[in-house]
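Alright, structures below, take your time with them.
Each of the next two complexes has subunit A plus one other chain: subunit B in the first, subunit C in the second.
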Partner chain A sequence: MFNREILIALAIFEALVLGLGFALSGNNYLMLLAAQVLLFAVFVAAWNIIGGLTGQLDLASSAYMALGGITTSLLWMKLNVPPLLGVFAGGAVAMGLAVLIGLPTFRFGVKEVWYALMTASLVVILNNLFRYTMGPWDFYLPSKWGLIYLRPRTYFELFLIIDVVLVIVILVNVYISNSKIGYYLRSIREDELASESIGIDTRSYKLRALAIYSFITGAAGFLQIVIYSSFSYRLFDTSQAISIAIMGIIGGLGSISGSIASAVIFRTLGEYLRSSLGGVFPGLDLLLYGIMLIIVGVLKPEGLAGLFNQIRRWLGK
Partner chain B sequence: MSGARVILRVDGVSKRFGGVVALDNVSLEAEEGGIYGLIGPNGSGKTTLFNCITGVYKPDKGRVFFDGRDITGLQPHVIARLGVARTWQKVRPFRNIKVIDAVIAGGLLKTSSISEARKIAEETLELVGVAREEWGKLGSEISLMEHKLVDLARAIATKPRLLLLDEIAAGLRPHEQEKLAEVIRRVWRERGLTIIVVEHVMKFVMSLSRKIFVLHEGRLIAEGTPEEIASNPKVIEAYLGIKPA
Partner chain C sequence: MASKRSRVPLIIAIIVVIAVVAAGLGYYYYTSKPSPAPTTPTTPKIEKVVIGIVQPLTGNYAIFGQEAVNAAKLVVDIINNELGGVRSLGGAKLDIVVEDAGTSPESARLATEKLISEYHVPIIYGAYISRFTLAMGTVTEQNKVILVTDALVDDLSQQGWMYFFRVAPKASSHGVSAVDFVLDEAKAHNVTIRTAVIINEDSIFGTTVSNGAHLELIKNGVEVLAHISYPYDITDMSPIVDQIKRLNPDIIIAIPYFSDGVLFAKTAKAAGLNPVFIAGAGACGFTDPDSIKAAGDAVLYYTNTYSYNPAKPTDWNQKLVNEFETRYGKMPTEAAGEMFYSIFTIYEALEKAGQMFPNDPLNPDNLRQAFLSLDLNESNSIAAQLYPTGRIKFAPNGDNLYAGTAVLQVQLINGTLTSVVVWPQPQAGVQAIFPRPGT
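Let's turn to the complex of A and B:
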């Protein structure tokens, strides 16, 4: 299940992440940026379960993130439920909505571009619904800090908390990937009818993948609100959902190392371009970012995972 | 073969698509352990009949019985679990998974343990004759012939009692077809399952089956041994479009 190669890779990755964390810990701005990049990687890794393994082009990541995060925040603010517990409720609410939508969606065979359109519209619908009920305001989290609120005093500690979550999500990915459900999900990605014919209940397995992904995304959503210190209906953000899917695709569908690498590399580059060029020439950073994505898409259609495999083969020889 | 129990009974099945009658009151029976051919010109309803048996389509009229149990209109995965496996006419069934993993997914029907499923997959790949060095390759890296064999192995790995092969020889060269026919005979002998072969290539199906069903324009027009079928005037007319003198 967790073989030596995977554990060594994870250990090397963690050494890099923690080393970077310590190196940046003097600079609050860079520390916050690093925490944001890691959290983005969490969302991409969760998306990998529905998008990469199962092949469903889900564009609703930010909907589950926002719904889960706002649930956790409201439970804290209104009912005094500490977020350390509240995140599970947030995940459950996001999962509940996902399953509620997934049941008819998979029952009536909505797939491919139609699935993408449907999930994308979910973000838009919730965005409008929450703007209507919450108003256009930002709601600030209470001025309380501590581990039970998942809200530490320093960005370095926040970085560590998000890192722990990332490790958990990676292990969940590895576990799924190497067990029966993983074999079935990959089979569904390749061909649903052929999967049915070898006895796979494709609807039920797609629903399981959707449930796991939306639970993780919803539970981790609160950490995004912690980074912002506030929340509003703007968390239901279509472009965020699309960029999460893009990272999963660029990383190589189904490859956990590829999707994490692309999330970390591209998000960091994007932020760097924004901070260095955004003020000088507004929009130039987005243009360069887009061009980079196109270059990767043309040179490595199978994603960063293909590059990793090439390096592995080359090292093996 | 007489006296064996009937494993598949198709009873008056009809299926239409809009105004087109794809199957018109088709009935046939297959006995346990037999090897059958289902032939007919393009568009005669062979694949539609397979799809009605395996639950891909729900027949408009008629029933399908497997081992005495009515399986009409059940979902494909339920029918697969009961012991009906099939292969696909489709040329590339998978691209981005490894050969061995595709077959393991088949083996997981009867077990939840990956290592047991892997053992089943290895035995099956050996049975159909896929060379060991191909096992680690991706679907996009293997030839058409190997795809046909892997698709066959994946179906067999589910340990079915009835195996339906849909135009498995289509697109292959003559010597590859002969090799495939040999593989199917070996599977039939060693696993003792019931096989129905849908085929376009007459020579392939004639050499393989003991009994042949002929479909023409959605109707069953003949059944019998390969010799009877080859000399049946209705069959000759259906294939050549002329009445023999």
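Let's turn to the complex of A and C:
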């Protein structure tokens, strides 16, 4: 399941991440950026389970993120449940919704472009629903700080918390990928009809992938709110859901290292463009995403993962 | 196979060594620098004071952000070249560093961190959008950096922040001003106002403005018959107009976005809705050139409230309007106006800090004291000359105690629909047309 090569790769990755964390810990700006980049990587890596491994073009990431994050925040503000526990409830609520939607969706064979459309509309529906129930207001997190609230005083600690979450998501990815479920999911991705004909319960396995992805996304959603300091119905954001899916695709469907690499590279690049060219070329980062998608589609349909494999083959020669 | 194995450990070793060396060097580099205090040390000579500006330069609000940045550049040039910098700081020049707020609170927060970490700014101005400003405020408070904002939603000054100041009138002040204007005019014209209907687009801004108007109406004994919210992209106003007709209020207070305002005015005209007065609030719609073009004479006699009055007849206001027009080829509007008086308020606070605390004027607590001690009016201050009410004095929560807006009305002047300032001081040669003719 977790062979030596994977563990070494993870150890190297962590050495790099922690090294970077220590190196940047004197500069709040870069530290906050690093924390944001890692959190983005968490969402992309979680998406990889449903989008990459299972091949379902899910565009509802921000819906689960917002639902889980808002649940955790409200539990804290209304019932005094510390977010360290609340995130599990947040994840569970997001998962509950995903299963509720997934059951009929997979039962009636909604797939491919129809699945993408349906998940995208889920974000819009929840946006409207929450706008109706919460009103236009921004809700502010209480001024309390500490590990139990997942709201540390320094960005370095926040970075470490997010890093722990990222490691968990990576391990979940690897576990699924290398287990029986992983083979089933990949077979569903390659040819759903054929998988069904050889006796795989495609409905059940797709639902499992959806449940795991939505739980992780919902639980991590609170960390996004911690960075925002406030929450509102605007968290149900279609463009964020689309950028997460795009990162997963550019990274290479099903590749955990590729999806994390693309999240890290593009989120950092996006910030660099905002900071250095903001106002000069408005929207340049979006243009860049578009160009990258075309390049990946034409030259390297396997995404960054394909590039990594090529490098590995070259190293092995 | 053997050769394949031989390279992998080597690569791993190289990566680990690079990572460790990079980490060590980086750590040494950042920790060996003096800790980035947001204040300048107590050196007697200050060459320049850097003000950080965070504005939306991409996305839907970029047009406002760009105008604000242009205004900041103009004001800083005037302060440095014509006023000789901050005199009490030995003629220290002002400098600005502009950061794009991006499209989410997290990018606005990053922008703020960058200004503090890399430029050590003592004062930041931003960021137009309230939830962006909230994310910034958590950072500026923690780092004891003064935040002067142009975001108008009321809640921002209720966070218990120490280093927060807002010169511009908050959202509810717009609603209050609209009501005060109508009641002032009613009194002057011997008209009794007993009932009102409020309609507003349902964003956080529209709702806050309308709540301000609602409370002010109740305070003045006017009965609010209905308070109707609708989405800004509404496509049919007739149910709302019908409801208002049935209620038959004396006045309507409307807080539109843009196209909904046009739609309301046209539907109301077609339905023959003509109460004593229809007053807008919140600086969007009715009286701006695009709305007048789109609605035609349907918006005749409509008013709206603005955070800035470009027609204000004081010397400094006329000077800034002229120079802005010469340099950028357009009239300054809300975003530029808020920047004009906010930067001049910062400038006057810096002057004060230099006088009160000559040894450490940029210490955040000293700077805060200087802001709180300001009591500006048109005879002692440039900032007050630019401000609609002509007075600026901060409450402990950072809001201007004398916050207020100007009211513009659409009138027919020489056969052309034109917006003119009618309140609190009407511009030369005009006065408010009240009540609506034909009522």
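General remarks:
Here is the rule we go by: the second predicted complex is superposed on the first by the 299 of 317 C-alpha atoms of A that agree within 3 Å, B and C clash if a C-alpha of one lies under 4 Å from a C-alpha of the other, contacts with A are read in each partner's own complex, and residues count from 1 in each chain.
Just so we're on the same page, a contact is a pair of C-beta atoms (placed from the backbone, for glycine too) under 8 Å apart; a residue touches a chain by one contact, two chains touch by 3 or more.
Worth saying up front: this structure is predicted, and the values here are computed from it rather than measured.
In the superposition on chain A, A:S197 makes contact with subunit B only, while subunit C stays out of contact range. Once the two complexes are laid over each other on the shared chain, residue contacts for A:L299 go to neither subunit B nor subunit C.
Which of subunit B and subunit C touches more residues of subunit A is settled by the count: it is C.
By the touch criterion defined above, A:V164 reaches neither subunit B nor subunit C.
Legend: residue contacts after superposition of the two complexes on their common chain; A:L315 is shown touching subunit C, with no touch to subunit B.
Contacts of A:V113 after superposition: neither subunit B nor subunit C is touched. In the superposition on chain A, A:Q36 makes contact with subunit C only, not with subunit B. Shared-chain residue A:R186: touches subunit B; no touch with subunit C. Within the complex formed with subunit B, the residues of subunit A that make contact are 178-180, 183-184, 186-187, 189-191, 193-202, 253-254.
The touching residues of subunit C, counted against subunit A in their complex, run 3-4, 7-8, 11-12, 15-16, 19-20, 22-23, 25-27, 29-31, 33, 36, 57-59, 62, 65-66, 69, 98-100, 102, 104-107, 109-111, 113-114, 116-118, 130-131, 134-135, 137-138, 153, 155, 159-160, 202-204, 206-207. Chain contact summary for the complex, subunit A toward subunit C: residues 8, 12, 15-16, 18-20, 22-30, 32-33, 36, 135-138, 140, 143, 224, 227-230, 232, 234, 271, 274-275, 278-279, 282-283, 315-317. Across the complex, subunit B meets subunit A through its residues 54-56, 75-77, 80-81, 85-86, 88, 90, 93-97, 101-102, 104-106, 108-109, 112, 114, 117, 139, 151, 154-155, 157-158.
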